[in-house]
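Just dropping this structure here.
Per-chain numbering from 1; labels A, B and C assigned in written order.
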Amino acid sequence: MNPPGDLERGVEAALFAAEKPMTAEQLSAHLQGADVREALASLREHYEGRGVQLVQRGRTWHFETASDLAHLLRREREEVRRLSRAATEVLAIVAYHEPVSRAEIEAIRGVQTAKGTLDVLMEAGWVRVVGRREVPGRPVIYATTPDFLVHFGLASRKELPGIDELRAAGLLDPVDDEMIVAALAGDDADEDATEIDDEDDVGLADGDESA
Amino acid sequence: MNPPGDLERGVEAALFAAEKPMTAEQLSAHLQGADVREALASLREHYEGRGVQLVQRGRTWHFETASDLAHLLRREREEVRRLSRAATEVLAIVAYHEPVSRAEIEAIRGVQTAKGTLDVLMEAGWVRVVGRREVPGRPVIYATTPDFLVHFGLASRKELPGIDELRAAGLLDPVDDEMIVAALAGDDADEDATEIDDEDDVGLADGDESA
Amino acid sequence: MTMDLVPDPETVSAFEDWDAPLAAPGDDAALYLEVDGWEGPLDLLLDLARRQKVDLRQISILQLVDQYIVYIERAEALRLELAADYLVMAAWLAYLKSALLLPKDEQEDPSPEELALRLQLRLQRLGAMREAAARLMGRDRLGRDVFTRGAPEGLRIDRKNAWQCEWFDLVHAYGQVQMRNQPAVHMVRERMVMTLESALARVSSMLGVALDWIELRDFLPTGREGTDWSDPRLRRSALASSFVATLELARIGKAQLAQEVTFGPLRVRAVKT
């Protein structure tokens, strides 16, 4: 390979550093008025087949990355993110009650649902808009997608456990069940404190009579 | 001239397209995890003597124009703002002594360093806080950034002009606390640095008499 | 590299041309003219040392001290207001000089030679950094001497979120929602108590048959007919109710109460009418 001449190097550097494509005249002005045409031709040849090419568009010249490599200049990065608790609740409500409107979701959750929450579920591909409810205001209604079933390994929504099953699995017990038991224990109460309570009045009455 | 391989073309294109210098790992991530080291070495060789060069600065790589062409490319509007003398001195001290605390910088310079001076260097992206020294007061310590190497065209701090000679001459030895106190006091006073200002007048009176 | 530095009024001075004389604040103009914009006494000393035109390692400290003091004295003669640290340095140098010239017998620690050496080292350090700074600034700098690509296409990284949620979390979340929606039932547990009415009836009936003082505790029921009176909570309730009942009987003049010592046994008897 022949080492490039000073002029060619100058043109190469100037085009590389330029913020906009340059005409031969502009380049020439940068390079003490030298005739840059030959240098441009030689540079173009040099860059042929490389990852970067010297291209001419109309009267201007510039470097650009080879078009067959465009796919390398983009990269997709997946970030694994856990669904927030609120989003999980909304997803569950959609799954159990679909199709539902946002107002219905809010009514069931008892709290306002941020718009972003449904967006996240739609981005995840688990929820989609399936139409509008024919009531005043025509609210948008949501349902789960086939992807939802795939992700959760369900053949159909019918496989979601029913309320009775949830209760049997202890999923409907109060969260702080244990704490209540602990509190009662701390009070010296036996487990069947409630039964005794029912008999209090009777007991007292008995006492009165026995007196 | 051998036509470049696909990997080399990919690295070339990615580095041309990149807005910032890239590490080998970042390049690799763009290129399906390929090992890019050989391609980088071969590219660097290819660009040797051309108007554009492939350079390594710290852990990152980028293309830049050949420095001998500076006279052709130097822009009329100065993009690199000139630093004050204080700022250049502080920058040199950080670079040659890093990591250093502000008190150590002041010990070397013999004057207080305006807060703004370090801020300017941090804003320029050349200096950053790298932690605290585990001594009383836990002073913040500063060091240079990868951008510093990029801007000043250094492959690593080892390339800082004259650093080996300065080290050999003991001029880069850590500045011990005693020295700092001495420096700030302007003499060998054993008071705390903070108290010295208040006592300046006293010192002055003494000085006048003894002189 | 393009540096987009927005000058902030406080820091803008750091970007002056460093070859130019330092901007002189109006009031101290004379001083700054005189001391030529030195950054402190060490800076001035370094400049004087350089005027000796020898390697900084070989400068004569005594000569340097003299030069400095002459300098400061001249400034004073011109009635220039010198910054305090210049004068402190002058004082210290004067002391150093006299110590260096004094006979060696009653030398303090550190010795004046040691101090002189330290001063020399400090001048060397500062000199070295100043030189290093100049060399650094003189390098081929990006954006001034060398340039990166002017119009890079840019590398794009498209971020995509891979949302994760487990079956259990889903079902559990639904359970939580359902739980929240169940009507809340608040239950106040009833305690085993002896009501005031029954205590009143019991105490007055028992007083009717008693002739002498009786301790209040003896009024409490002991029987196990239907109710477990040994339950300590129930006994506490019965005692409290009986006490209140006795007070009420005393108020209406049907009973007398006596307690000999604080917290001692409470005794009750009927008022004979």
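Definition applied: a residue touches a chain if its C-beta (ideal position, glycine included) is under 8 Å from a C-beta of that chain, and two chains touch if they have at least 3 such contacts.
All values reported here derive from a predicted model rather than from experimental measurement.
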Farthest-lying chain, centroid of Cα atoms versus that of chain C: A
Identity of the most central chain, Cα criterion: C
Centre-to-centre distance between chain B and chain A (centres being mean Cα positions), rounded to whole Å: 39
Approximate Å spacing (C-alpha centroids) for the pair chain B, chain C: 32
Between chain A and chain C, centroid-to-centroid distance (C-alpha), Å: 38
Multi-partner residues of chain B (each touching 2 or more other chains): 14, 16-17, 30, 63, 65-66, 73
Sequence positions of chain C contacting 2 or more other chains: 147-149, 153-155
Residues of chain B defined as touching chain C within the complex: 14, 16-19, 22, 30, 62-67, 70, 73-74, 78-89, 91-93, 95-96, 108-111, 114-117, 119-120, 123-125, 147, 150-154, 160-163, 166, 169-171, 179, 182-183, 185-188, 200-201, 203-204, 206-208, 210-211
Parts of chain C lying in touch with chain B, wherever the complex brings them together: 1-3, 5, 8, 10-11, 13-18, 22, 39-43, 69, 84-85, 87-92, 94-95, 98, 110, 115, 118, 121-122, 124-126, 128-137, 139-149, 152-155
In the complex, chain C residues that touch chain A: 147-151, 153-165, 167, 169-181, 187, 189-195, 198, 201-202, 205-206, 221, 223, 225-229, 233
Residues of chain B defined as touching chain A within the complex: 1, 3-4, 8-14, 16-17, 29-31, 49-52, 63, 65-66, 69, 72-73
